[in-house]
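Just below sit the structures, each encoded as structure tokens.
Okay, so chain A shows up in both of these, paired with chain B first and chain C after.
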Partner chain A sequence: MGWIATTVDIILNSLVLGGIFLIMGVGLNIIYGLNRVMNLAHGALYALGAYFGYTLVAVGANYFLALLLAPIVVGAVGLIIERVLISPMRKRHMIYTLILTYGLMFVIDGLIKLFWGQETRFIQLPEFMQHTVSVGPASYPVFRLVILIGIAAVVTALMLLLGRTRLGINMRAASSIPEMVSACGINVRRVQISAFVLGCILAGTAGMLAGPLFTVFALMGHDILISSFVVVVIGGLGSLRGAVLAALLVGFVQTLAEFFVTEMAMVMVYMLMALVLVFKPLGILGEGKFE
Partner chain B sequence: MKRILVLSLSVALALAWGLPALAAAPVKIGVLVPLTGIVANGGMEMKNGIDMAAKDKKTLLGRPIQLVVEDTQVKPAVAVSKAEKLVFQEKSVALIGVFSSGVGLALAKNIAKLNVPFLTTHVMTTAFYGLNPLVFRSGQLANDQTAVGNVKGILATPDLKKRKYYVLVHDYAWGHDAGKRFIALAKENGIKVVNPDFDKAPIATKNWSTYISKIKASGADGIYIALITDVIPRFMKQATEFGLMKTCRLVSGAAPGAMDLENSGPAGVGIFGASDYAWDLENFPGYQKKAKDWNARYFKMYKAIPCDAAAHSYVGAMNLFQAIEKAGSTDPQKIAAALKGMSYDGPYGKVWICPSDNCMRNDAVLTETKVAPKNPYGAKIYMKVLKVFKAAELGPPCK
Partner chain C sequence: MNSTATAAPGGLIFRALRDNPRGKLILLGVFVFLVILPFILPNRFYVRLVNEIMIYALLAMSLDVLLGYTGLLSFMHNAYLGIGAYSTGLFLMHAWSGSVWLAMLAGVLCTMAVALPVGWVQVRTGGLAFALLTLAFGMMFFTVAWKWYPVTGGDDGLMGLPQPTLSLLGINLASSGNSTAMYLFTLGVVTVCFLFTWRVIHSPLGAVLEAIRENEERAAFVGINVRRYKLIGWMLACGLAGAAGSLYILYRGYTGPGVMGAFEGAGVLMMVLLGGMGSLWGPLVGAAIFIFMKDFLSSLTEDWEILVGIIVILLVLFLPRGVAGLPDLLRRTKAE
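Right after this comes the complex of A and B.
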């Protein structure tokens, strides 16, 4: 394989990895931006999305149908979590929800092990997605290209939701000046609930996209949670634009480092985070909202 | 008088209650296996094998056998603290199991303090040869034995012999050892390796795409992997997605886990490698009867596909149990002395512990994973036995 093909491979791999981080990071930021909840159960919800999707495909559903349904089910779980656990804690300091969601992560992990066991699961893909296709001089898996299209669709839908719909505009406004939004007669509580559910839907979507990539296993949420927080820190807490940029940056740094300095790959990613924290503590775009 | 009567009655009752219990006090064996994390399937298979051996043996020194199982989580520190619990709290007379060389070496380092024999059924590092008088191996083939088997297999297969190999290992003690052993032997035997410094992937790696790009860029058409068994099908699946398996053949330094192989489906086909056991041995002359009997009993007991990890854990446990019987006591030094030279004739022939280095020698199989023919175990993918190596062929010589 020539260097051009290798370069194409690296770029596409970086985009796929960065894209998964992007959906996770944006989800975390939406939840934090509106609710001031640092959702440590976000990784577990990602795993839940993958497991729901796996189950749907295993009982005969089409992968794309599962990709649509699994995040909705995770969203429903998110709604229950918000109503039953987060809402009563809303007036307390955010450390309470931090500890609460940390515990919730283990509860969800435990439930996953209880229902699905410890075995690694493989999501069966449609036949046409099991092949490779030529991308310039490189041959690349169709499935990974479908993921890239899926990520682009999610980002577009999110932009439309936040930019063109009343709910999205309310979300953006409530994230900056909740008191003003409330004074305008908008039900801020409802906006906050919607944001929490949306964040959970995004976690489920990321899980369902990543499930066939990395396989489905009980603790899959732990690794991605750490990477997602790296993205959030680099992008700036609560900054959506920052999260998008940071996700792609982390995707590229990790992939390039894995290629050239394998054993130092994760060290490079954490060094990047440390540098951003030192020189741009509010994220690469300076839009972070630390409290 | 009344007081004496009550006292006598109490003593009699206590004796009546306590003596049978004392007579039947079980011999406790501490079982350390990973039951959570990425190798949980392998841990479960090891546990099943040891449990089956205990059920077959029934008693030790005329007392029931009690297995006390602890989850190591494949973490050295956890394994050491669980071992302390098993020995000091549970009063286990020996330790058995352990997945991962890192965990095994950590435990071996603490064995003087624990002062019980420790027999691993799954640690493959060559550092275990003659490591400590209380440390033994009777289980999965060591890295040097696997490398010999794999190199012999490559040399005997024209399609594999002509290929250039990319070596990819997991970044810890076992992976490094396995990579070095294979490369040294490959060099001696004229097998081409494109990356003599071999690639080391972190154990947590789930996304193999970058490694696959590196393999493609290297121009290799053969891959030698030393990845934790449960991870192999995951790697294979991604390599297949990238079309890598159309041009490359894969040789593995460890047998893939049975359940993971099943879950991976057709992507799990084409893994070539040496290991102790495969259920297909029941179709191989000389081993048929014992293998078939063991497979059938294992499947009946655990409703699981008979596999390498279960079989060599069974044999390891049998060697330990026989040593305790031979020692005639639970004294650690006596058990250790009895383990030296102990052998058990099991589903894959005689497994003998060399007295000079405390590690086993046994026959082994060279297999390739294929779509399974109709079989009583419901396996869809299986390890087809291509050849059986005699113990002397794999070595190392027992001095």
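Right after this comes the complex of A and C.
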């Protein structure tokens, strides 16, 4: 036991945390890459995913079923948001969509408080996930391992979607030269809308995965939103590979900081971000997509 | 008092007065009205409400320098109000409570000292990353104010603040606990800050900032050091926010981490949007509308943050230029 167990613990924890950041950051990046919209309501959608999941489990659905269904509901919400709010703003300067989604964040947060109340909720997990299992010298909660596997599954599915399917290829192409893709006879608008919905689905998934981890509460989206921004900014805006690297880095630093300095852990994360930006203003793998 | 203060910065303001006498007369009228107001308002509550409006008007104006003139978005400008408030309060409590001006100076300098490294990092990135960074750094300051118990008092905030004697133009008014004295003091400081900012915005420096807002690349090509001027705009905005913070803690006699929260930051942004970015007087009107509205809505319903969010969305969709854009909008619809 002793320090080896602690090390294993820290590594696994930072992988879990980094994985959640990864799903959030990639979602933000996909939305940004195709729509040039930085979605500030992403954290609120994440909370929405967790609350939908909580309700599904509370009415008797299995956790895994809820893990599949809740993100789809969030995706539907995302579709409505895109059609009603984001679409009319497409021609305007980015500052307006930024402020718009900021307002949207407060609306969703407020609605969550209205429907589910202020108190903290706990997602009921299946029996087998409530135990611990020994990983090397450390004993580790099963549900965290399941979440880790869930994250791996989501990331694999995302890689397959972006790498192997028609839609994914269209998305990647449209993120660099939308006019060219349009000239090839592909409906770019539809690709952009699906990118927005995909981002929202990812936010919902992250919320559902993180629900058992951090408990479900009305303002759960705020902290994760800030952390996801840190990931996106460190990794480089619009860069998926950068987001992967940055998510793991931030997850690791935050876990370590929580272990050593507890209260001020987030301050360390912001310091990390400031440090990266001093040397690489566009992020680690930034492609100069800042506007 | 107003005319002597405006004459000092030189002929420019005289020229503006000649060019747009009606606008200036309205401003002068508003100023005179505000001076008389505490003596004719019977209800102390409203004197304090107008006082709060003036403080937030200063904060909204400082954000407008950044958003409307330099084209940079700061989500949590209230963090710098908070830093100004805390540092002024700490100065009064632990250093010297004899001079209110020295305490204010300490607050502003402290705010700028904190804002300098933050701004230096922020201006190295582009517009969007800049906005995200303001959110991250703002949350960082909020966390520090909230958790650094020995210095900031944590959740409880700064308590047991001494009430210094306020002085204006060499005349001692009364202690900061007196609502009329505090009101006049606030009015004096906000007026000076407004005239100062007005002067800066209408100077070559202001023109450079607007050039950066309009087209950063082109500004760089004509030889403007974009990063340096963005930093100057940022420092100006943060210094003014720090002044607003000093006034805030004198007015409240207390400050907690709550003023630095993300939701409060959205409120400041909304004041600027309501009033209209890119016009110095717009945010002042916006602050007045917002605080009256908040006072009204929060007495009606507990879920007023939903209403605030909806209003922000509607504003962005239908009235992106705020109240300041209304005359223009009306003119255009009439012409059609």
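Some observations on this one:
In the analysis below, the second predicted complex is superposed on the first by the 284 of 291 C-alpha atoms of A that agree within 3 Å, B and C clash if a C-alpha of one lies under 4 Å from a C-alpha of the other, contacts with A are read in each partner's own complex, and residues count from 1 in each chain.
We adopt the following convention: a residue touches a chain if its C-beta (ideal position, glycine included) is under 8 Å from a C-beta of that chain, and two chains touch if they have at least 3 such contacts.
Here the structure is a predicted model, which means the values were calculated and not measured.
Shared-chain residue A:Leu17: touches chain B; no touch with chain C.
Of the two partner chains, neither chain B nor chain C is touched by A:Ser134.
With both structures placed on the common chain, the touch criterion links A:Glu263 to chain B and to chain C.
After overlaying the two complexes on the shared chain, residue contacts for A:Asp9 are found with chain B alone; chain C is out of touch. Look at A:Leu98: by the touch rule set out above, it reaches chain C but stays clear of chain B.
Look at A:Val278: by the touch rule set out above, it reaches chain C but stays clear of chain B. On chain A, the surface touched by chain B in one complex and the surface touched by chain C in the other have residues 113, 263, 266 in common. Residues 67, 71, 73, 75, 121, 124-129, 131-133, 135-137, 139-140, 143-144, 147, 262-263, 266, 269, 273, 303, 305-306, 308-313, 316-317, 320 of chain C are the ones touching chain A in the complex. Those residues of chain B that touch chain A in the shared complex are 35-38, 40-41, 44, 171, 199-202, 204, 206-207, 209-211, 213-214, 216-217, 219, 230, 233-234, 237-238, 241-243, 259-260, 263-265, 267. Residue ranges of chain A in contact with chain C, taken from their complex: 38, 85, 88-89, 92, 94-96, 98-100, 102-111, 113-114, 222, 226, 229-230, 232-233, 237, 263-264, 266-267, 270, 273-274, 277-278, 281-282, 290-291. Those residues of chain A that touch chain B in the shared complex are 1, 3, 5-6, 9-10, 13, 16-17, 113, 118-122, 124, 130-132, 139-141, 143-144, 213-215, 217-220, 223, 255, 258-259, 262-263, 265-266.
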